[in-house]
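Structure, as structure tokens:
Labels run A, B, C, D and E following the written order; every chain starts at residue 1.
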Amino acid sequence: MEQTIMNNLGFPILSTLIFLPVAGAALLLLISRSNENLIKWFSLIVSIAAFIISIPLFAEFNKSTHLMQFTEKHAWIPSLNINYHLGIDGISVLFVLLSTLITILCVLISWNSIKAKTKEFYISILIMEGAMIGVFCSLDFMLFYLFWEAMLIPMYLLIGVWGGTNRIYAAVKFFLFTLVGSVLMLVGIIVLYYQAGGTFDILELTTKTYPYKLQLWLFWAFFAAFAVKVPMFPVHTWLPDAHTEAPTAGSVILAAVLIKMGAYGFIRFSLPLFPDASKAMTPAMLTLSVIAIIYGAVICLAQTDLKRLIAYSSVSHMGFVTLGIFALNLQGMEGGILQMINHGVVTGALFLSVGMIYDRTHTRQIADYGGVASVMPVYASIFMVFTLASIGLPATNGFIGEFLIILGGFKANQWAGVLAATGIIIGAGYMLWLYQRVFFMETNQKVAGLADINLREIITLLPMIILVFWIGVYPNAFLGFMHESVKHLLERVNSGGMHEAGIAKNILEIIK
Amino acid sequence: MLPELFFGYFAAVIILLSVIVITRRNPVHSVMWMLLLFFHIAGLYLFLNAEFIAAIQVIVYAGAILVLFLFVLLLLNLREELKVKRFVGAWPAGLFITTAILVIVLGAVKSFVPGPAGKYSIEFIKQETHTKALGKLLYTDYLFPFEIASLVLLVAIIGAIVLAKRKTRSK
Amino acid sequence: MVPLNWYLMLSAVVFMIGVFGFLTRRNIIIMFMSIELMLNAVNISLVAFSHYLQDMRGQILVIFIITVAAAEAAIGLAIIIALFRNKDTVHVDEMNEMKG
Amino acid sequence: MSNYLLIPFLPLAAFLINILFGRKYLKENSHWVSILAVAGSWIVTVATLFDVLAGRVINEDLYSWIVSGEFKVSVGFLIDQLTAVMLIVVTTCSTLIHIYSVGYMHGDKGYYRFFAYLSLFTFCMLMLVMANNFLQLYFGWEGVGLCSYFLIGYYFDKKSASDAGKKAFIVNRFGDFGFGLGIIMIFLTFGTIYYEPVFSQAKGFASQTINFLGYDVHLMTLIALLLFCGSIGKSAQMPLHVWLPDAMEGPTPVSALIHAATMVTAGVFLVARCSPIFSLSETALMIVALTGAITSLFAATIGLVQNDIKRIIAYSTISQLGYMFLAAGVGAYTAGMFHLYTHAFFKALLFLCAGSVMHAMSGELDLQKMGGLKKYMPVTYWTMLFASLSIAGVPGFAGFFSKDEILWLAYSGSSPVGKFVWVIGTVVAFLTAFYSFRLIFLTFHGKFRGTHEQEHHLHESPKAMTIPLVILCIGAVASGWVGIPHLLGGGAHFTEFLKPVLGHPEAHGTHAEEWMVMAISIIAGFSGIGLAALFYLVKTDIPVMLTQKFNAAYKILWNKYYVDELYSFIIVRPAIWTAKNILIGITDARIIEAVVNGVPKGIGEFSRILRKVQTGLLQHYAAIMALGVLIIVAMMLLR
Amino acid sequence: MTNLTGFIMPDLGPVMPEIVMTCLALLILLSELVIKRKETIAFFSIVSVAIVTYLLAGSTGTTFNGMFIADGYSLFFKLIFMLNVILTVLISVKYIVIEKVNFGEYYSLILFSTLGMMLMASAGDLITLYLGLELMALSTYVLAGFLRHDIKSNEAAMKYFLLGSFASAFLLYGISMIYGLTGTTDLHAISSYISQKGLSGNPVLTLSMIMFAVAFSFKIAAVPFHMWAPDVYEGAPTSVTAFMSVGPKAAGFAVLGRVFLTAFGAARIEWTGILIPIAILTMAVGNIAAISQTNIKRMLAYSSIAHAGYILLGIIAGTSEGMASVLNYLFIYAFMNIGAFAVVIMLRSEGFKGDNISDYEGLAKTHPLAAALMLVFMFSLTGIPPTAGFMGKFYLFMSAVSAGYTWLAVTAVIFSAISAYFYLRIVMYMYMKEPKTAVQLSASPGIALALAITVIAVLLIGVFPSKVISVARIAAGF
């Protein structure tokens, strides 16, 4: 069966998207270090060019099929049957677009805040973009892993070089955490390669069935990589540190794209490759998700650091995502994917916003703020939009995702749905409290006289505002992409070989 | 019975001398005892029909290498050696390790089964004479290692010069 | 006829005496001599094998070993001299410039 | 005939214009945009009402909102009789209060913002009542909650105001938690969340039970109660009533519009809208009735002793909302809606009057510092008096008819708790009359008790404020006349109008009984007024004496039964404490981070040990080599 | 045969590169007498190596009664050795001037040492193997002690020499045992004798395999026979350290692979039992001990120990796939390790040792290019894509998994993750700290060229590993 639709745009769009930023980064090397303006403008142009090139993905995407589209395939390491195989389907297309968009914003937000090693900074950002897009487009496991790990380098530098006071600890923690997780996946990938008779092709691998016990092992190996990235409870502790210490652009990329890759991995790999194991592990996954939702949310109540609070809220929100994914039904899964986009937009925007005020005050302590709404009304309004989206107010994007997830979660397991819904209550609590402490009440001396955000900053946030409402008011524009792919995926998972009884027996065996 | 007695004597003396060599306080004495040890080993070689080896054992080992040792010892003039302790503090640990290995190795070689016999029987060697047989082999079949050995010696010369020469010639 | 095993045992014993000397003596030159002892132990077994297997290879190897031993002696003693010049000692337990 | 779309979207447009351009360009002229928009909505609403009266019901989808597999929902509008009533209430009150605000908010630095929020609120409220499916209802529901949050916290630099706004939102979230699950249950039961198919299929599930979180429960009861959770939150019923009194931190027009006339009644509207579901579950109805009854009694008792003029009205609102739920709970949805409708007028009026008083008193709220204002502000006095008469259920006034219908239907209906709630309702009627007139007497009669400066400043409010007062006053008096019961010779038009949507319960009582119920309620009302007059006009030392005598009871009432403290003690503080001390302090720091940092630390420690092994001494190296040989040899040969 | 007249000159074709190498090395040794500019000698060395490399291509076959085997396997190793020499010479030119040991012998010793390695890679007989090993070892001892006036260099040479001789003695003991057991020293003959007689499990065979394992482990610096490495790496001249970290290690693996896979192929179960604990210990100790180092050369020493552990996985796999992965890895390792040492060498300038990790603080600010290069090498050593180090490790783990050692691969990846900690530390020092002292870089065209070669190779192989892998597979006997 033909599994892909060839790219018919006349040029290799996905390769272009991956390598345009990388080439841009290479060209940046040639620009003189002292010419900072040129560096910035060049990076901006490259990122905008990448975004423009990515638009056909949105416009030309064939929504009526689950097949991979815009594919490219070339032999890469023929002796090991490794191919350069790219393609996107309804699950990944939105992430590619999100990546290209976020990069522009990251360049813009860093315009004045990055003062040292500017060149390296923009090189890192652009390389990051290429790698991120690569992760979402790869249809060969080896290629996927290459991009997956390659991201670590620029991210490590972003946090460690341009971050806050405790940046080194955070950077190392981020790096080691993710590395330990992903190397286990690497072994899993290799085992899978031999199990499937020598192929890394994801499409081929997902058509095969694997012994149940092996599925379980591999599921956990992959889990190690993806759960750390998501991050799921209890491997979430790198996130607050990384988010907090990273420069704004780093936090934004981290929040908007990087941690999506974990959940994406679950959808793209864990579920279709190990359907039986996934089904058997659903209770555990749902439990962890619910714990993450509530745990992350409750912890936010006691945070005193702006970025840390948003970071923990990410834990909670990503709990929703994994809950939706492992609900293993259409609503949950679509909600989960949409929520990934939403979280990328909203949390990304929150970090952008926090970055803007941090540039002015150089403090992240909530206690140092208060009454900002009086001095920066425009900023306050925009921040409010994202706060509301974060707490899932209807007509913002957050609502659509969370509602679908809770619906799906409830369908899968009533307790999961009910407990997840409590996360929304707490979510409102900590976000509004945060908003109150920062923007309301009497104006703190430390923020008195701050200038409201300027045009560049408004332009940076504008796409996010548009997305918040676009997704909130007309989510079908985005849900429409994923229907077929998700349906196909769920068919694969739910028809995956084994009977319930067989699974139960197997579990008993393993327990013994 | 006689060969066994003969072997017994040599073995006993070799072991004894080995122990003496490594336990002498004065290195010069050690070298002297070693000389005696080498002679005994050479004797054992003779007993094993390896006259040429016995000869070079005496000439090269005893005559050249040991003399070199002695020479260096005298050059360094280690007088205080006689006053300080000979062994490192943890020598019982060393003794334990070596004894343990020895016991296991002895256990392993106990059941030794030798490989297939070659054509160089004692009669054959006697007829060909040992040195000639060895020499023929060395210059035909083992020409290649022989050449390598020459390089080893060359490197040793270069090395000794580089390391031990006193004046530096660097600009 | 003396059994081959006897030679092997003799060789093993001498070898291990050499190891013991290497492990425990403080004087570099004696440690070096211990190595020579070990080489001689190997030589004993090689010559014995050669004899019992009726094969000359062992003896040829012995010749090479003696050659290498000579070369080693040259280099080793050169190193010791160079070291003695700088450090004025031949005791290994006084040489730990580098550790950790 | 898609004019109706203008009803919600005109205010939305006004909101957008104000929020985008208000700060820089419109400034003091912001109100024009909003007022024109809401007035336009009102006009279209009236036109639509006539359509509905003519029997045309609109049920249309605008566009498909969310599609995910079998879950499909649109943005769509249903305009039937029930909606029409709500539309009239909302647009009328909204228009009047917009106008009132021009005077009340004059000169405020966030003038544009205020009108923007009001417009947004109107939009959301209209979306709420016009929805044709549950999710859009939920949208409006949360939207009005948001506006309420904005407007309560309008004076955001005041901590108490921003606290109150936050509290309102979060408390409402507790209710919405159930509401949301209710919607999910509806979808899982019916496969759709459109009203029409859900309500038409509901009967088919009447006897079904479902396993919910491990318990077998009656399906319709479950759904109804989950939905009712939302109502409890939005309509400030026990136990989620705590936010409403605090919501008085907002500007008074807001209290009038949102926290009296419209938003808080959304809960009642929800129950009425879902009457086909509620009607299928006796248990659910009983719980609704009891919640309403108990809340009304509970709030009324608190209202007796409060001194803050707006808070008294707020508790009164809670109490009256309880009344409406009481009505719905006994199956008298129409009566509930009727009370909702009349209440909107007189309660909005009360608030606006209170606002007028505050305006005159420079923001003073304490009753004890007022008195004798009658002569300074006659319009306010008379309108407020009429509103109070209406709420006290004095015959002829709007409140009388709606209250009487509720009490009669409670008494005569088939509900098992009907008689009980009737008794409570009657007691509450008495209490209501008492505290309403306590307020009137303390404010307008007697001698002025405030400072001299305040007294000097007293004046009647400007026209922009008094005109709405007068118009609302007409409503407070006359709005009830559309529902005069048959007993009094009226046509009960209101009930008849809503009957197609809500039905009407059978009354099992004689005319004599109906007369008796009416008489008792009238007596209760008048005795309340009389007692208030006695306490606060004639023998003013009695209240003081009573508070001293029943000090404990007084304390409890004064502190609102300590519910806020209780919540703080069992929810808020434990949550934060848990976050700080257990999650951050123990789970994250001592367990997860201990492992996360401990493993590298352990490795580092091991690394240092390894460094120590590397002594730099040759013998040690050789010994380790030999030891390695020994271990391998032993391992391989000693098997 | 015994008659000299019957002697037929063996085919010298296969051994031609070695012969030419010997001649050129001797020539260079002598040229020192006439050529005053040592850079010229360096240049000649590179030319000689280029000539030899050229000759390598045409010389295959077995000669000297099977004592010398020039097959794909040895060819690949020789390529690595040639690469090693070229890169080492390039980074040495300026360095040995700074260290004031600018002698012509330096280059000829490097060539002789390389010759020893070539012989080891081609050894078909235990006797040639031993002699090649000694040739390499003796030259390296001398090179390690090349800084005669530096106490650390003396000490390094002494430690290396004594422990090296100690290990050789074990090797000889092993050779003598296997000789006694099989009556031969020819690798193929040993192999066929063992499988023919079913000697697998024989205690003496096991004993001799242990002895081989010990001696080779010493050469590749595997735990617990690694103790010399940190001290010697630290004390030896940095260029020699770079040379040693690649050449002798690769040669060690060449003989390890050749002996264990060819001669002891039939006794695989036994020797995997020996090598697996060694491999695990090596990875553990190498990676963990490196964490707390303060001297970069020492850290790289532990790193090279750890890498030996990973490479052992390919040997343990025991398949040609495994061997191919070993070859591939060593090839990549040569680039990234020498690249790293090249940066280390650049920091050494007149009067400044520059081998402390703290000397790297803020390097990205003072010398961004050098820091960027070091960053690439560090990430490559960690095994992060898209660098070559990742591809190397990936292929190694693949071969281990394919041979059924999944658990071993898991262990390896975990240690590899741990290794990230100390490699990242260098990056962290360079990029995330402020410079304390103004570090002077002593760049030279040679180093620049070496760095260019290594960094391009590391990145290129990282992205396009196909060619190297397929060549390695051919070399390993596919």
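Keep in mind that, in the parts below, contacts are C-beta pairs under 8 Å (C-beta built on N, C-alpha and C of every residue); 3 or more make two chains touch, one makes a residue touch a chain.
Here the structure is a predicted model, which means the values were calculated and not measured.
Counting only chains that touch, the fewest steps needed to get from chain A to chain B is 2. The greatest centre-to-centre distance from chain D, using averaged C-alpha positions, is reached by B.
Averaging Cα coordinates per chain and for the whole protein, the chain whose average falls nearest the overall one is A. Summed over C-beta pairs in contact, the chain pair with the top total is B-C. Averaging Cα coordinates per chain places chain B and chain D 102 Å apart. Taking the mean of the C-alpha atoms as each chain's centre, chain A and chain C sit 64 Å apart. Centroid to centroid, with C-alpha atoms defining each point, chain C and chain E lie 26 Å apart.
Distance between chain C and chain D, defined via averaged C-alpha coordinates, is recorded as 96 Å. Looking at chain A, one finds that residues 176 touch two or more other chains. Shared interface positions of chain D, defined as residues touching 2 or more other chains, are 600, 611, 614, 616-619, 622-623, 626-627, 629, 633, 637. Among the residues of chain C, those touching two or more other chains are numbered 4, 8, 18-19, 22-24, 26, 31-32, 48-49, 52-53, 55, 57, 60, 64, 68, 71-72, 75, 79-80, 82, 92-93, 95, 97-100. Here the chains touching each other pair up as A-D, A-E, B-C, B-D, B-E, C-D, C-E, D-E.
Residues of chain D touching chain B in their complex: 617, 619, 623, 626-627, 629-630, 633-634, 637-638. Those residues of chain E that touch chain C in the shared complex are 127, 130-131, 134, 138, 141-142, 145, 148-152, 154-159, 161-162, 165-166, 168-169, 172-173, 175-177, 179-180, 183-185, 230-231, 234-235, 292-293, 298.
Those residues of chain D that touch chain E in the shared complex are 600, 603-604, 606-608, 610-611, 614, 616, 618, 620-622, 624-625, 627-629, 632-633, 635-637. Across the complex, chain D meets chain A through its residues 19, 23, 63-71, 135, 138-139, 142-143, 146, 149, 153, 156-159, 162-163, 165-166, 169-170, 173-174, 177, 180-181, 184, 187-188, 212-213, 575-576, 578-580, 583-584, 587-588, 591-593, 596, 600.
For chain D in complex with chain C, the residues that touch the partner chain are 611-612, 614-619, 622-623, 626.
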